[in-house]
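By written order: A, B, C and D. Residues from 1 in each chain.
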């Protein structure tokens, strides 16, 4: 007990351990903090693997909009593990507070290219090739610039 | 004039003194542990006058963690009813925002804001203490400024 | 003349009640008793006014004149400060209690004649004791009160407990009578009573210990609670137990003060039995027993106050005697209402009846505030006088002890308030209503009025009742202006702030409707899981002091002494028996 | 006018309230600093109190609103008078009379009694348990507190007066020794009286919520808190009057000594609160009955013997 009293008294003259906190959120989170998913539209192939693996239905795709509902996201990192193209990334930052739930909807646009034949939106061919070959391709064959429908026509013209 | 100044001061002190009543409506205790961490040396919420109280009748803020389950709905509503005005509700953690991973369980009725009005949402699974602190201060701001919460 | 009337009318009433025992009507006997006691009070009041005008006077009935040379057996009633003081409050309290008893006794089936005859006989003999100047008639009346106590405790004589209690009470108060007899005989027949004062005081002390329930001879009073409540209120709170205190004052007057040793003995004996009484009271779950032990504790203050020997000390003792009669009588009446309403005396089985019996609750609060010495009630004044007297007489320890006992008294009355009146209401008490108890409540109000009046204006009692008694005892009158400052301050501030608060409440808070009614917070449970009762209230103290309670009960030691004496007598008797055998042997 | 000044400004309401608030804030700040936290500002109690004034009231069905507000209000008046009775510098001629210590003792009991009654009145199970616990504690620590007072009063030597002023003025070499001996008992009984940490049994935070005050809200709670602050001020200055030569020096010096004594007492309280954990009721009673009451009695008897012969 005497030792404890000694500690308490010396603590009086030490600097407190408390973080500074002024107004807004704290920036300095440790690098090991897992953080929350961020979607990178230019790498997304809209393959919907992330939707399939997400345990809490936090992700949905409407047209070309990729919506992460942070109200549901439990930061389990399954989506990032499942994503073949590395479009889901976890960066160590805090999620922030909100007055309405809409603030927690993270909406990004999936950057799709247009089919050269019909203009239908389709994923970038580089991503698929990169995944297949293991490295980014040097040249892209012309049929890969078409959407699957046009590609079928391209090989089997009826 | 003088009375108004006093009233302004009394309202301002609401911002500086925030008594929190914590309700767990079926959470996994992850958020509850973070709330405890909020009062540790590192985050020290007490410096902003935030204090955990044991009775909803003393509280300014209802801090809810967890999805609302069938068993916990009535206690939650009762606790909310017992709180004197002005009062605000802060919902902490993904489960209380939407049900989280428990959303489709047989005994989960839904998120907190289906039952009581929520003023500040704090997401995360589990919420970071720093985020909770920020949310509480935001709620304090709301309590101080929102006119319709006050009877006087 | 009026003095004789006031005693005589009660004896007459007792005679009528006794002769008309076949009239089995509580109303008839009750109103007769109420009437006689009211008449006695009226005559006493007339006497009192005459006394205030002219000074002391007496009335005497020449009896047994032929023996006068040897011993004076004339019945002399004398109106002086001390006698009238004791007689007046006794008569006043008996009026209130008789009014209460009219309703209370309707629950019984029979025995009204017996009951009221003895009640009136008791009041008559109490008045006789206090007014009588002749010590031998005092002794007769003293024993008569004990006899009435015996008869009244044994009202339900069919039950074993009642008859046992009656026997116990009678035996122990009878011991008191022998002490008094010893004192009276020595005082009358010794040429110089001053020389034998130690012997006289020893006798009187025994009388006080047994009759005025002081340690170690108080053990009969918890048993005496098996009597009907009016009996407990009148005999075992207000009048009978004051006989011992009266004797102390009487002998103080006759001997002209006590020697130093006896003073110290009285102070610390009084405080010690007060402490014992309050400690035992604390653990009682039976409301009447609790009140009985508080009688022990409060009379300790009176005995201790006499021991202080200063004018303020005696004044505090007298004033406490007066106050105790009112507030303890009132508390007993409340206990009787509780008992009839809930059909139990156990505090654990009551609970939450404040909302059902609001007037009773107010009466209880007045009584409890008085006995625990809340400023503004009469108990505070007399306790305050006691503290001051003790400190001025250089007995600060007595004052500290008194203060401690006062806190414990507060605690035990809070216990009763919390567990019986507040707290959770029992299922079977939900249909209670106060309607049937209105007459009883009126009886309580009669006793509650002086509690408040003497608390706010103690100077009335001091000037008219206590200072005459003090001047008889050759002491100067007291002036309690010191008491006025804090009470006036507290009272004025309280009223000021209360008014301010009410103003704010009605002009500002009420229109805004800021008060909302909700349920009690039970921590999310639907039903209350835990409901503390009277047993839980002081459970820890009881556990902690269990050995003390076991060891400190004087009954077991008294029993050992009794057994010892019995053995002694048996030894003597067996030798006598042997002699008998020798003599009666046939040759 | 003079009286109103006394009542509301210097020794009365404002002084007691500000002193009590600062003491409470100081204690909280110190406690936080000992745990390497920053802690709330020293003015935090004032914010807490003034916030409660504008809050609504949610009272249980079982209790009428008049009673609900009256119960905490009675001790407020009592404590105000208690503060007025203390012989503070610049004021001492008006205050003290014989036996004022007994009256102060009576008045400082009122807050606890009101809490016990409130706990039962509200019919809250937690309130009832807390009230029962508070009542049982009341039994033990009051004995010690009365013994401390009596010991100090014995030091004046006959004639005794139980007057705070004459106790504060009694300073002998022997007196100092006995006074120092009684300090631990004073601290222990006041700790229990203020329900601070090792003895925070009636309102054990997690266990029985807020104890007797579970049902208090709004202005009623504010009044309870105000009572608490006034109690802190009274006990802080009692400590200074008992153990520091307050009335022996100039008034300015005396006033600063009172503040010094009070803040020192609360420094000790902060330390004790930090290095102890809450006791159970049985442990509390064992501590008092087996250790504190016998030794306090011993000191009382020794003082009595020394002063009488």
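Methods note: a contact is a pair of C-beta atoms (placed from the backbone, for glycine too) under 8 Å apart; a residue touches a chain by one contact, two chains touch by 3 or more.
Everything numeric in this text was worked out from a predicted model, so none of it was measured.
More C-beta pairs in contact connect the chains of C-D than those of the other pair, out of C-D and A-D. At the centre of the protein atoms shown, by the Cα-centroid criterion, sits D.
Remark: chain A and chain C have CA centroids separated by 86 Å (rounded to whole angstrom). Centre to centre, using the average C-alpha position, chain C and chain D are separated by 36 Å.
Centroids built from CA atoms put chain D at 59 Å from chain A. Distance between chain B and chain C, defined via averaged C-alpha coordinates, is recorded as 58 Å. Chain D has residues 32, 35-39, 56-58, 126, 209, 214-215, 218 in contact with two or more other chains. Touching of two or more other chains is recorded for residues 514, 516, 518-519, 521 of chain C.
Multi-chain contact residues of chain A, defined as those touching 2 or more other chains: 16-18. Every pair of chains meeting the touch criterion is listed here: A-B, A-D, B-C, B-D, C-D. Those residues of chain B that touch chain D in the shared complex are 7, 9-11, 13-14, 16-17, 19, 41, 44, 46-49, 52-55, 57-58, 60, 81-86, 150-152. Remark: chain D residues 7, 56-62, 65, 69, 73-74, 76-78, 80-81, 84-85, 97-99, 102-103, 105-106, 109, 113, 116-117, 119-126, 128-129, 131-132, 135-136, 138-139, 142-143, 146-147, 149-150, 153-154, 158-162, 209, 214-215, 218-219, 281-282, 285-286, 289, 300, 304 touch chain C in the complex. Of all residues in chain B, only 55-57, 72, 74-75, 78-79, 81-82, 84-85, 151-152 touch chain C in the complex they form. For chain C in complex with chain D, the residues that touch the partner chain are 282, 352, 355, 373, 375, 384, 387-388, 391-392, 394, 396-397, 399-400, 403-404, 407-408, 410-411, 414-415, 417-419, 422-424, 482, 485-486, 489-490, 493-494, 497-498, 501, 505, 509, 514-523, 528-532, 536-541, 543-544. Those residues of chain D that touch chain A in the shared complex are 30, 32-39, 271, 274-275.
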